[in-house]
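The two complexes that follow have chain A in common; it is paired with chain B in the first and with chain C in the second.
Moving on, here comes the complex of A and B:
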């Protein structure tokens, strides 16, 4: 067996495709399972509406599947695109693309099933607002997929940009680090956004008149919960587009790789935490919509504090990239 | 499998710049526009108190979308934005459905179409925000909750364009890649019609609705 660059690039592409679709299948399946479980619960509670609940379940599951469809797109591009004659550094980029999209689909897949489940249950509870529940579910579930979309953007950049001018030695670590940063950071933000969206569907069923403040609080909460994923995206872009001097020693490469890991792992907790804050706020807007403004203010401050750990992680990453 | 990722382009040089025009997308977009014009004429040419089936179809579409816009924006703004919302939804719906006809392709499969529509929604939302709040209040929004959140707020706004357009692009592109690959692997037996029904009709409808509703919600968030 000969390890020429062409073989290594092909090996990296196939490994990346496997990792991408393997991890990408996990999240969406769990999310869709949750939706179906709640739909069963709802049907048993209100058997007359089984048709409506079933339709809503299917629509919710189809949206929750998006994250794994994105993973499938990247996996198929990795398998079937022609990388002949690509330089050795492309191997790192392709592996990074697979890691990025596979990990990035995890959180959003689980998260986007939560509003589907709550909406099914809400229909059983409050059949008159079926339309509003479905609309709210679609918006919430679509917005909590944003982190997975960031991961897809980074994966597409890694696949299609020509990296032949990047030096191989620290360059490979920068490319894999770029993939890990967005991929890992998307896990927490995707799940957190789903918690907020689920709470919003539950809230619409509880208090249909408050649908305006509920949607606004949900969207603001989700946007803030997505900040760790945006940190991950920023670090990925810095790693991708900053010119890196060639170096024979292993230390700069490890610094770049761990810069990606640091922001990625550091973003998981704040993403979930911020989502729980947003979910709590949305839940109480439904119970007492007169004080929606106060709730939003408390939510934003709480989220800012819980986000500080993601900021520490990003500061360490930036130090690793620019100083070390 | 060679046709994956191949695009027919027309390159036009203007000075130092080179314009790349994706010919298939332009032709498919014109087909969609033509289909929508025909549909519009068919539904509204012979209006009567006792409506023909096609007129009923048009009325249902318009009144449903009007109701959704009214829910999100309120009665005043709905009069202004409902035509835009209806047009956007119908364009995306027919675009996403176009792929089920052999030899035709979805214009939304090319990133340029969703990106252009996403940019359009972004500009409209921010223009509506400036109109309703005034320029000063609009700018101050970016310094909420604390002043140093400005860069994050700005990135968050631009991330909305990326997420709304890549969501549509990823789903439609993903659907068409899956149809291509699975049809190829199964020698085009039995599976392609079912896949077209799921990814073309079902997912296409949902994604067209999601794109439209997100555009409306972005306007609503700016206006409030």
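Moving on, here comes the complex of A and C:
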């Protein structure tokens, strides 16, 4: 049976669209469910505030939803753009784009739900600081969305760049690897950022006077939790834009695919771990803001150690790309 | 396309190196994160013992790191030795 390149590109585009929306729907739904669950819990605790809690729940859920809206946009682009006359290598790029955005929406969707839920619960505890809680929730969940935005950037590059000059072998592996690297690495960073933001909303409700140090600690912690996603983005860009010599053998292709997988998978754990560290530090800044400086220092040391495995993974990826 | 045996073995070693280091990095990252989160909470609870708590955290993390280092060693062996 012989297929022409157009058929294979169309198959890849539709498969990519399915993977993209399928995975992309998981995270946001879990995150929004958590927000709604906490909102119900909060209303049962303080029925008079149901209007405020309801409003805050909807705003929080809308931010968490954006991750899956990105996935929807990419899936629609994959289905309805015209790829007629595209070379065979476009098939790999489109499959990579679907994988990247689908996986990349998982962590940000779940993560963004956590500050939403904690802010709803916080309103029931401390109605006087409703405005601050909503602001804090929005800042925190906006940072959680950045890994999903990285994934969308890589997916759009994979869809719109003309790869016709890239050799099919091993170019296909570089393109799928580029998608996997950012997509997988975004899972940990998105979720980790959410843990930090959730703890910060909980902290504002516990001690509204500490809102300054709380927001600072949250943002620093989230920034460190984002680094695995940035490593993933870096490896994706190298795979996308580095000229690759044509080769008939299988080994160079597997080295490029493996480089993407390595940084991607390796970013999941450190992203989640760094978020947990930031969450722990933020929770105690609220209880004891006099030692916010000490907590920040311990948080950064702890995060640096937790980060090390992401750095090993990136080193192995760079060796796979540049040395072997 | 005919794939030679030596090429297939190299390809498998490269893929194995990526999977070993990628999956191997997940556990230490999460585990060390838990350790450091609890250390932050403990220092918040008892700031006077910050030095002792940081030391305990670092030793605990070093042990949790070991599996990540095993993965790194295996990945480098697959890349350069095998």
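Structure notes:
Just so it is clear, the second predicted complex is superposed on the first by the 322 of 324 C-alpha atoms of A that agree within 3 Å, B and C clash if a C-alpha of one lies under 4 Å from a C-alpha of the other, contacts with A are read in each partner's own complex, and residues count from 1 in each chain.
Just so we're on the same page, a residue touches a chain if its C-beta (ideal position, glycine included) is under 8 Å from a C-beta of that chain, and two chains touch if they have at least 3 such contacts.
Given the structure is predicted, the values throughout are model-derived calculations rather than measurements.
By the touch criterion defined above, A:96 reaches neither chain B nor chain C. In the overlay built on the shared chain, the residue A:153 is in contact with chain B alone; chain C does not reach it. When the shared chain is aligned, no partner comes close enough to touch A:232: not chain B, not chain C. With both structures placed on the common chain, the touch criterion links A:215 to chain B but leaves chain C unconnected. Looking at the shared chain after the overlay, A:301 reaches both chain B and chain C. Using the contact criterion defined above for the overlaid structures, shared-chain residue A:198 touches neither chain B nor chain C, since it reaches no partner. Of the two partner chains placed by the overlay, only chain C lies in contact with A:255; chain B stays clear of it. A count of residues in chain A touched by chain B and by chain C gives the higher number to C.
Overlap of the chain B and chain C contact sets on chain A: residues 301.
Interface of chain C with chain A (complex): residues 1, 3-4, 7-8, 10-12, 14-19, 21-41, 43-45, 47, 50, 53-54, 57-58, 61-62, 65, 68-69, 71-72, 75-76, 79-80.
Across the complex, chain C is touched by residues 184, 188, 192, 228, 248-251, 253-255, 257-277, 279-281, 283-285, 287-288, 291, 294-295, 298-299, 301-303, 305-310, 312-313, 315-317, 319-320, 323-324 of chain A. Those residues of chain A that touch chain B in the complex are listed here as 59, 62-63, 66, 69-70, 72-73, 76-77, 80-81, 132, 135, 138-139, 142-143, 145-146, 149-150, 152-153, 211-212, 215-216, 219-220, 223, 226-227, 230, 233-234, 297, 300-301, 304.
Residue ranges of chain B in contact with chain A, taken from their complex: 1, 4-5, 68, 71-72, 144-146, 152, 155-156, 159, 162-163, 166-167, 170-171, 173-175, 177-178, 181, 202-203, 206, 209-210, 213-214, 217, 220-221, 224.
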